[in-house]
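By letter and in written order, the chains are A, B, C and D; residue numbering begins at 1 in each of them.
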Amino acid sequence: MLSLYVFFFLSAVTLVSAVMVLLSKKPIHSVLYLTLTFFTLAGHYIMLNAQFLAVVHIIVYAGAIMVLFLFTVMLLNLNIEGEFQKSTVMKFVAAIAGGMIFLVLIGTLKSFDVTTVGDPSMTQIGLVKNLGKTLYSQYLMPFELSSILFLSAMVGAVMLGKKDKN
Amino acid sequence: METTVAQIQVIPLQYYIIFCSALFSIGVIGVLAKRNALVIFMSVELMLNSANLLLAAFSAYRNDPAGQIFVFFIMVVAAAEVAIGLALLVVVYRSTKTIDINALNRLKW
Amino acid sequence: MILVLLLILPLLSSLLLFTGKLGKHSKTFALVSSLVVFAISLVAGYAFTFADNKILALNLNLKQLMDVDIILKMDAVSLIMVMLTTLLVPVIIASTAKKERRKPNFYALIMLMQMALIGVFTASEMILFYIFWELALIPIFFITALWGGDNRKKISVKFLIYTVVGSFAMLIAILYLYTLTPAPHSFSFDSFYQLKLPYSVQVPVFLAFFLAFAIKIPLFPFHSWQAETYNASPVQGSMLLAGIMLKMGLYGIIRFILPLCPDVVAGGSLIFLPLILFGVIYGAVIAISQPNLKKLIAFASLSHVGLIALGLLSNNHYGVEGGILQLFSHGVNVVGFFLCYYMIMKRTHTDKISDLGGIASAAPKFAAVFMIIVLANISLPLTNSFVGEFLILLGLFQSNMIIAIIAGLTIILGAVYILKMYQKVMYGAKSVATENFTDLTLSEMLVFVPIIAMIFLVGIFPSFILQLLQGAVK
Amino acid sequence: MSELVTRNYSLVTEYMELISILLLVFPLLGFLAIGLFQKQMNRSFSGILASSVIFINLILAAILFNFVSSSNQTVETQLFDWIKFGDISIPMSLTVDRLSALMMLIVNGVGLLIHIYSIGYMKEDEGVNRFFAYMNLFVFFMLTLVLSSNYLMLFIGWEGVGLSSYLLIGFWFKDHVNNDAAKKAFIMNRIGDLGFLLGIFLLYSTFKTLSISEIAAKASLMPSGDLTLTAITLCLFIGAMGKSAQIPLFTWLPDAMAGPTPVSALIHAATMVTAGIYLIARSSVLFVLSPVTMNIILVIGAATAIVGGIIAIYQNDIKKVLAYSTVSQLGFMFMALGLGSFSGAMFHLTTHAFFKALLFLSAGSVIHALGNEQDIRKMGGLRKKIPFTFALFIIGTIAISGIPPFAGFFSKELILSAAYEHGTGMGILATAISLLTTLYMFRLLFVVFYKPESKEIKANHHIHESPKVMLYPMAILAILSVVAGFVQMPKLFSETQGFDTFLSPVFAKASGLATVSGQALSVQTEWLTLIIPISIIFVLIFLSYKRFVNNKELAVQTGIQHVFANKFYFDEIYDFFLVKPLAFISNVFRGLLDQTIINGFVNAVGNGTLFVGKRLRRLQTGNVGLYLIFMVFSIIAILFFNIIL
């Protein structure tokens, strides 16, 4: 039962802070609320017995991505309040769209259930050891490819960020 | 070890589905309602994360590591995407002095 | 192995020409390589006649990499088509005048075209076939768009889009049939042939294939690109189009429609045969009042290929065999016809029939050559197209008498437009344009030699082709 | 296989087979040699070469003829398999029986004489080499036609002679009148050819073979009046109508006179136009078994004979008169065929070949003498200027008019007696038709040779007799026209029916199958049928002498004569009902249907796409937010439908 309460708590915090990401006027606040969201999500991962993911999640999102966002805000001096707002109609439309997609997603996914349980002995899949085994055997090729993706992303970012000589 | 699974399954899978859908919808609303490119990026992150969480949930309920592996890859892609995306944002800002997406309408007919 | 050679050699030659390193010698090189290809095809024909099961096959199994095998097969029909291709390409290359300095790319495109065409005729696997089928479009598109006449860009784009529309219909049919093949799905022709499709499936499959081929051949009413494209392309392009490429559609009918939709062909003769039949008459009738020589050839060709299609779809083995023979003959004749047109065009710079006249007295050699080709076009006995048309009409006659009689009217109409044209172009008094008409030079005569040789060879000894077909037509 | 067994491989037959092949080889070689070396060849040499080729052929033909007539065998020669696969096998093979031997002799004999004549006639022409090449080509195809042992090979010759006829009519191709005539001849022939071709299809579908002898054997087992046979024979007859210039396909033949006169003599009088008669005689078994067709042939033959004869009376072009005469005579031969008298038709064909060739050559000699003048109104009194030609012309005229003892009399007599056997009415009709001949021929004779000289003749001082190279062949033909008839006397005079007996093996099967056997005529009636026509002939000659010799100008035509002179307006009718509509339809198809509707539709699809694209472009506002909303709503829609379905 405890886990159920924890789940509700974490979910509530996540959703509230996610909403706050959108509602805050200043970008910097949005970034901070987003950070909070990521932390609560990490909590969810732990609850799902996916410890490795939780750790990676913290490192990647809270550590790297958020820092990038913060740097961007800082460097470009973007922390201006309410500079541009969409019209109310657009916001309304957006809200409706969001609501509809929520309903439709639930409608689509609700029928899903865990019909076939995989190998029941594989209980500790979230641990580094088990995950690593899968990753380096079955998914070796995509794993290596993702490193190339990273490399090219890095090169791309550097290229784009570089100031024009002229 | 059976207990771990049982313990997880105290929470019905439907809860995760509803929660993740809600989070995803918030992301969608953000993308649609905001004009600030930076916030739109963040909303995209929200969507990615909701998908991640759902994958992890399915993975745990099905005892299948593939789901978690995919989460892992999605993180990789997300990280790369943010790096490139923010770099693009910087470039855009340099040329237009704003990050309002409505300024980026050069592609119209 | 020989099949691979047939594909690789033109490709290599084409690539070498694309580099542009050969400069002035491009034409010579292209000519020599196409002759080599012709020689190889002769060897293939020789090997074919001695092969046990009358089939040359190559099967590269590539299942590990993708779901596509490379299967090349050469049966009698393929052999005839390949021979036609390899015979005509040297003629086409040799026909380019020295004055018109063509860039190496021109020859490279022709060689690429040859490779694609040979691919179409030898592929025995749907995806491979489809790739070659579309690949053949690319060179002819550029030949038309780069070296064509007035309005070339618009017309070549129209041509491209038009034919691609048809190809997509075919692609859909191919993919659909693929899903019907038994469990480890396969694109190979053999697995397609083993399908025994119910009638309700045959109809849509037939329609899809028929649309693709009807546009390619072209059959009425999908022909409107034809005259325009012939008119806009350089003569070599028109020859490639009319002589070989249009045969792809007819070849397709033999390869797919006949084995896959036999019930439709057998039962539906009253639905599509009248349409094709109308096109046959239609082309001939239009040719009568056509003032432009090149367009006249186009409409005459429309009429002739329509007749071939009638034969192939006549649901009678004489019709099919005659159709196959006529595929070959028509290719030779129409190229010959275009060659004659080119000789006139080169000297007079006009293709309006009313501007010409009196050539026969200035150029007796040319008049004789033109006469032979013209007579072959109206299928006089002892020329190649007579046997084919005879068998086609015989087949039609046995399956549907009325259609055969109406189709037979082309014999009369053909004589009308051909003789009218020949009279106006060659006879009478000389006009301004033909005043200084010179007779054929030796090298020009040489280009005509294979054409005329084939006209008589097939006309007098058609058996050497017909024998090949023995048993090929089920 | 059975063929192999039954074939008698004696040395003689082998020689004969070789000869029958050589018959085709020589003219072909002649054509190729003259055709290919046109430029290099000496102008006078080509004629000699061409003639000697035909001369050799004539000797060969004579040998074959002798063999066939003495041994009563047919010579079958297999050349090679032409079309052979599966169950269809059409060989190139030759058959020499008595019928083809006869035709072969006519073709080569008359051909040789005309070749020699042409050496003189075409001497001045610049295209003389081309001319002789074409002539040899014609002989080649004509022999193919005559010798072939199956219908498809016969069709080769059939179309081939059409081609040579086309080439020779349009020989002087600088003038479009000639080309139009050539074109017309070819196209009208093709109309007939289509009928022939359909007949071949029917034959093949019915009998599964195209060999003439096998078909005859199989057909003789079928009942008389069989519907398929009727259809086949009708189709074949359509073919014959085209080639032999019968109503309604006869208008090309008078126009074909645009060609050089020797061509008219050889192709359009003596040989090619008789191919239709040959075809029907060849297929006699089939025709005998279809009485309906026979009646149609009879009607059309009679109609053609009358129409041709009437038109001939009102023509003013010397060659046109002869041309219509040919039409009329051919019609007469078809009548004979329709009456079932195949040997009568063949006999008349033979004699007609001699005297019509003679007449044409004499006409050519007249034209030659006058410097290419063909209008008889500008002639007259030539009797004294060119006496030799005159003498030959008069022999021809007498022969064609059927005055005894010249050849025409005997052959006409054979047909007339067949007609009287059929019925008295038919007999009288046939007699009337043969009397028409007298009318137009003697009109021609008197106007050209007897009438007072016209002013053109008086002004022309270059009138000269033709050279010997032209006159000798004419003389030989004249002799033949006189004596050829004696091989077959009327039954009253002689018991030896040379011609009938000679051809009887060929038609044996057909006559055995013939259903209607006419009642034999009494001796008195036969005498009457002989004497009355002859006396009328002399009356007619006298009348036309009165009418034409003294008139300086030919009378102005009035009333119905216009219709006759304008050949019953056949050309105009064709023009109005066929040529003009075809041209109109062609233009409508080309301009309206093809360009406006079909191409318009295709272009409209393209333009429509462009148009819609231009409009839809407006959706691309450049507003990314808007795009996103579209996207999200699309996703919603997709998911929504996913739930529903």
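Keep in mind that, in the parts below, a residue touches a chain if its C-beta (ideal position, glycine included) is under 8 Å from a C-beta of that chain, and two chains touch if they have at least 3 such contacts.
Bear in mind that the values here come from a model prediction, so they are computed numbers and not experimental data.
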Query raised in the report: Chains in contact with chain C and with chain D: which ones?
Result: none
**Report entry** Maximum centroid distance from chain D, chain identifier (CA atoms)
**Finding:** A
**Report entry** Identifier of the chain whose CA centre is least distant from the whole-structure CA centre
**Finding:** C
Query raised in the report: Quick check: more C-beta contact pairs in A-B or A-D?
Result: A-B
Query raised in the report: So how far apart, in whole Å, are chain B and chain C when each is placed at the average of its C-alpha atoms?
Result: 57
Requested in this report: Starting from the mean Cα coordinates of chain A and chain C, work out the distance between those two points in Å.
Outcome: 61
Query raised in the report: Any idea how many Å lie between the Cα centroids of chain A and chain B?
Result: 5
Report task. State, to the nearest whole Å, the distance from the C-alpha centre of chain A to the C-alpha centre of chain D. Result -> 96
Query raised in the report: In chain B, which residues are in touch with two or more of the other chains?
Result: 28, 32, 35, 102
**Report entry** Multi-partner residues of chain A (each touching 2 or more other chains)
**Finding:** 86, 90, 93-94, 97, 101, 105
Report task. Please list all residues of chain C that touch 2 or more other chains. Result -> none
Report task. Any two chains that touch count here, so list every such pair. Result -> A-B, A-D, B-D, C-D
Query raised in the report: For chain D, which residues are in contact with chain C within the complex?
Result: 35, 38-39, 80-86, 88, 130, 152, 155-156, 159-160, 163, 166, 170, 173-176, 179-180, 182-183, 186-187, 190-191, 193-194, 197-198, 201-202, 204-205, 582-583, 585-587, 589-590, 593-594, 598-599, 602-603, 606
Query raised in the report: For chain A, which residues count as touching chain D in their complex?
Result: 86, 90, 93-94, 97, 100-101, 104-105, 107-108
Report summary line: Counting only contacts in the complex, chain D reaches chain B at residues 617-618, 620-625, 628-629, 632
Report summary line: Listed in rising order, the residues of chain B that touch chain A in the complex are 1-2, 4-5, 7-8, 10-11, 13-15, 17-19, 21-30, 32-36, 38-39, 41-43, 45-46, 49, 52-53, 56-66, 68-69, 71-73, 75-84, 86-91, 93, 98-100, 102
Query raised in the report: Touching chain D in the complex: which residues of chain B?
Result: 28, 31-32, 35, 101-102, 104-109
